[in-house]
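The two complexes that follow have chain A in common; it is paired with chain B in the first and with chain C in the second.
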Partner chain A sequence: MASIELRHVSKHWGPTIAVDRMNLTLEDGEFVAILGPSGCGKSTTLFLLAGIYAPTEGDICFEGARINDVEPRDRNVGIVFQSYALYPNMTVLKNLLFPLRFKNTSNEDAHARAMEIAELVQIEDLLEREPSQLSGGQQQRVALARALIKKPNLLLLDEPLSNLDATLRLTMRSEIKRIQRELAVTTILVTHDQVEATTMADRIICMKDGQIEQVDTAENLYRRPDRIFVASFVGSPPINLVQGRIDKTMLVAGQRRLPVSGNTVSTNVTIGLRPELISTGEQGLPASIVNIEPMGREILYAAQSEIGLLRFLEATPQPRLALEEHVHLKADPGDVLFFDTGSGQRIEGVRLDAFS
Partner chain B sequence: MALTQRDWNVLARRSRNIRHVQMGLLVGFLTIVSIPVVLPFFWVFVISFSARTGGVESAVLWRACGVLVPAVVAYVVVHLTFDSIRKRLFGAAVLILLVMIGLIVTVGKDLHLHNYRFLANANLIEDLRGAATAGGQFPWVWEAFVNSLLVAASSTLFKVSIATVCGYYLSRFAFYGRSAFLQTLLILEVFHPWMLTIPIFLVIYWIGLLNNLAGPILVLTVIDLPFFIFIMKGFFDAVPWDIEMSAMTDGASRRQAFRHVVLPQVWAGIIAISVLGFIRGWEEYVFVTALRTGNSYWVMSTYLYYVADDVMGVDYGVVAAVSVFYMAPSLLLYMFLQRNLTQLTLGGIKG
Partner chain C sequence: MMHKQRQRQAVNALIFLGPACIFLLVLLVAPIIVDLVVAFTDMAQTVRVSEFSNEQFRKIIRPNEDTWLGFELRGSFYRALAKTAIFVVFTLTIFNVTFGLLLALTTTALPDWLGGTFRAIWLLPRMSPSVVYALLWIWVIDPTERGLLNQVLINVFGFGPINLFIDHPMAIIVVANGFIGASIGMLILTSAIRSIPQHLFFAARADGAGPLSIVRHIILPTLRWPLSYITVFQSLALMVSFEYIFLIMGPARSTMTMAMLAYTKTLAPQIGSGQYAYGAAITLILIIIGVIVALLLYRLTNMKRLLAKPRIEVH
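What follows is the complex of A and B.
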């Protein structure tokens, strides 16, 4: 198993920059997710690691050794493509044996490995089938088995669940996690679905426009996002963002002034507050309900307050509040996050004194 | 308005009747349209087995048609009357049996294999017209057959292998001038190769391949290449990148990935252009004639031409027999690989 390192890696396609000076270190056996909107360079990063693309600049290192010029076939990387990329002209068994064909594995050994791995991903009954005769979930399992059969140093999963239906996605999510834990193989999952990332990975790399926004655990991405983008991308329903300005010891937002303390610098700020951290009460920020969206277990309300539009969640099956009803919004002032509007960076050490 | 059960039955019957009539009209139309196409082939076939002493016995033709035309009409009736496939097949079998009996009764005693003696007789023309007319230059048909096979097969081999490699490269690699190259391929298709006969003759003359089978092989290869490259590019475009990348991370080199994973996906295209290429080579007349100055080599087309071309009067029986012999390989190839040929549009249109 290898510890994997990207040092200042960039990939340019003509004038467009897919990956921009990326630095990253992965530990042995770690499960990392790359999370980001489409076109942010997450798949490119994956293909750089697999050796399908060569970096424009920077070094890719496995166990400290630079492997930029090592051919994909020599990197011992297993990859599961979004389309699964099963070889249509081969049976499932032949698909599984394909990676061993180029390593001097004896026939018996290869078959034994195939059986072992087929058992692990539970496709023992499908070995003689053609890929076209398999369902989406089965194809997914075969692709996973094919990536794992050569005991890769690194397993790369490119949006592996996006072609599955919702229930199957749920089972495959835990299946992949179980298999990864059993084999302790270093794994990188590329996804645009935050639920996939948070449920499966130990650490999440949040990417935007070819750059890493934040590398952290799911909890930290949610609680202490470093940047506005991370705050808005992680969490569902999305975080409330309100534009404002810090003026000495006051936060000016909309028509309201709220006291702040800490090392305040007068600047334009964006404040973020998660909908699930807002509740209603006797006192607090006055607002009126402008929209009600029942989401099954919870109700998502939108309320117009003096600082701006705020969404909040209430865990009741039926709407308790009515449109245009006047309410007071409550929140722990410590939950309010401050971001520098210009740089998008979170401002630490600034605290809201009261949310009212 | 409420419809009763009776009304529904009436509507259903009406629509069934309309469908039957429409189908009948369609079958009738297609039959009429195909008569001018099928009839010459049928006549050539009948003549080759029935003509005697140089002339064509048209009575045999009419009698044969007299049996076949009612049979076709009868099958149309059978097809329209019966809905089940088994009954239709049974009807067809009965009709075929009746046709056989009818043909044996009407033309049976006129059939013979004498016109096919050219297959066994190496000195056919000398026998027909005397040694003086042919000057001993006319070959045995098998020599022409082997030459034709050689031209068709080797030009096909070259075309298909070059087109496959080029198509792959054009489909997968970005290089300077790629789009210009693709456009040039299309523009080349605009010009008919016969317009280039004289320059081609000169080039072949200069490189010293005149009166050599290598000449037509080379020219035929080059003529079909642009179109074939284009077809193969379309087939390769349809093969997803992922599969190839996956093979390469699975430990295959680019060449191994091509051979084990990509090539099997484009077999349909390779078979299709192989059939087309073979038939083009097999039928070729213009360049095989243009690139020889005497009777240095013979292929089937020139053989047929020579048999049919005579001021002294033509033995139509032999001409027909040679034609049937000449047609047979193309026909067989077409019949066996027809399914692959229909896939051509699938890869072709993706350009």
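What follows is the complex of A and C.
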């Protein structure tokens, strides 16, 4: 049975619609990520689940029971805030014990539990410190421990890694994953960083402007994005998007006409092609290099072709191509994605026959 | 080059600190020195000094070998001291701190527009001219049937009229000053509560804390410093405050605090004024008590925790 369910849930702030008619089902023990740009309603979704905000419309159900009016304290939800929100006037130990105060836990049990959880997140040596004496990574672990100590049914993580430096982020990423697997607690991770989402979560909810764009695995978001937004938000460097028009059996893009087949309908389309799927060769789409961005391991070139500007990656450490050099761009025509420009929806069953 | 730079620094220091220093000298240090000198003279109505003596202090303190300290306070001064203590302690604890705290807690818990309205109402006495505020009080506690309080007592509760001026004079000045003091406490504490990050409240609620636990564990610890500040600052302010006491009670003996005593003996347009040296002596004692109280309260409220310990970076 589904453990957590959002049915048509919205949250309005005056004229602002933070969450817009969201439908979502989470399985027990699942690790999902909510991925989306800043301000798209990710935190609001978490706070709705935690009971901190009440939904404007719709139902939130835990184990099939509607819990819209259930107080946060009765939901048994652990939450880690972006700012960690540790109680500044309490030591680490007191911070950990705080949630147990309201649970009728005996003193010995509470302390035993605190030690256990401190060991799990490796903060045993910090218990007597105050939050102001902790580094960012340590605060993060304490916040995680405080969220976990009451054995929550649902763990909510609001951009938990965004305040950490790059190496620490890497460590904490695998730490959080390990802890989640160990406890098998249903977890929602909120992030605007696609790498965090793809590396940690089983499923990713891609959000934009309060609405769910797509719920899928990382691979599907990358290979088969349902919408233009998903295609452009997932993947780095970002996908090439070119405006065009399908005219019977031809794709008209820029000054070029390319043959298409399948169930074609004449309409305005946006085609998407990932930079890492383009290469250069003897034949293909003629283009000239207009920009070179060395990225260390790879080089990101931008080339102006007749269909428009296309970026592509070359895995050589040194620039092989020069500015204004003429090249031929190659790609598997099957890799080209078609989107309906009007609705933003991907058009299935349309294929490019040749990329040249 | 070096020389020039140092010169410019000196000029900058003068420009920035100069006005404050002059202010301090003219408005604070100079009056204290004048007060100190005058306290040891016999200056009276004629504003002439004929001799230097400790005569004024002998009006306040009388040597008495039988007491522990070797002296005792004369009646009028002793009463003034006691009344000041009662006035300050009750006004401060009941109104400035407790009432101010309650107002801050309730108005921040209300929706913004409602809380703001309440706070604005509480600020009215602070904003209206003191004479108007005092007149309002005089009308409220008027001992005849015209007084608002008596009208309520007679018409609503069926009691007889009461005369607070005679029965509870200290209560009058405590409440009248308290209403004003509470609004200051409310403002400072409100802004302190507002400065608590929203996420702390969210975290506490998710952790299971109810409203009372949130007040106790999240809000009150944060209010430690504002509360100490209010205590120190307001107790000093109340000690020397006589404006509303004088406007409501006049030079009544029943509410003759030290500040009132100093004022009536010197500048009050009433009988008994013009004893400048005597007033100066009382003021001098008031200043000394003020300094002692300030230092004591500073100690008691313990500023150590304000200076946070250094952060230790360990990854």
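The rule we apply is simple: the second predicted complex is superposed on the first by the 354 of 356 C-alpha atoms of A that agree within 3 Å, B and C clash if a C-alpha of one lies under 4 Å from a C-alpha of the other, contacts with A are read in each partner's own complex, and residues count from 1 in each chain.
Just so it is clear, a contact is a pair of C-beta atoms (placed from the backbone, for glycine too) under 8 Å apart; a residue touches a chain by one contact, two chains touch by 3 or more.
As the structure is a computational prediction, the values presented were derived from the model and not from experiment.
Peer 1: Putting chain B and chain C on the same copy of chain A, do they fit or clash?
Peer 2: After superposition on chain A, chain B vs chain C: clash.
Peer 1: Regarding the shared-chain residue A:Leu168, is it in contact with chain B (first), chain C (second), both, or neither?
Peer 2: After superposing on A, A:Leu168 lies in contact with chain C but is clear of chain B.
Peer 1: Under the stated touch criterion, which partner chain does A:Trp13 make contact with: chain B (first), chain C (second), both, or neither?
Peer 2: The answer is neither, since A:Trp13 touches no partner chain.
Peer 1: Check whether chain B or chain C contacts more residues of chain A in the superposed model.
Peer 2: Tallying touched residues of chain A, the top partner is C.
Peer 1: If you stack the two complexes on chain A, which partner ends up touching A:Gly137: first (chain B), second (chain C), both, or neither?
Peer 2: Only chain C; A:Gly137 stays clear of chain B.
Peer 1: After lining up the shared chain so the two structures overlap, which partner does A:Pro72 touch, if you call chain B first and chain C second: first, second, both or neither?
Peer 2: Once the two structures are laid over each other on A, A:Pro72 reaches both partners.
Peer 1: After superposing the two complexes, find the one stretch in chain B that runs into chain C, choosing from 4-12, 112-120 or 130-138.
Peer 2: Of the stretches 4-12, 112-120 or 130-138 of chain B, only 112-120 runs into chain C after superposition.
Peer 1: For chain A, which residues belong to both interfaces, chain B and chain C?
Peer 2: In chain A, positions 47, 50-52, 71-73, 77-79, 81-83, 85, 87-89, 98-99, 101-103, 146, 150 sit in both the chain B and chain C interfaces.
Peer 1: Using the touch definition up top, name the residues of chain B that touch chain A in the complex.
Peer 2: 240, 242-243, 245-253, 256, 260-261, 264-265
Peer 1: Could you pull out which chain C residues touch chain A in their complex?
Peer 2: Touch residues, chain C against chain A: 197, 199-200, 202-210, 213, 217-218, 221-222, 308-315.
Peer 1: Inside the complex, what are the residues of chain A that reach chain C?
Peer 2: Residue list for chain A touching chain C: 47, 50-52, 71-73, 77-79, 81-83, 85, 87-90, 98-99, 101-103, 130, 132-135, 137-138, 146, 150, 168.
Peer 1: Inside the complex, what are the residues of chain A that reach chain B?
Peer 2: Going through chain A, the ones touching chain B are 47, 50-52, 71-73, 75, 77-79, 81-83, 85-89, 98-99, 101-103, 146, 150.
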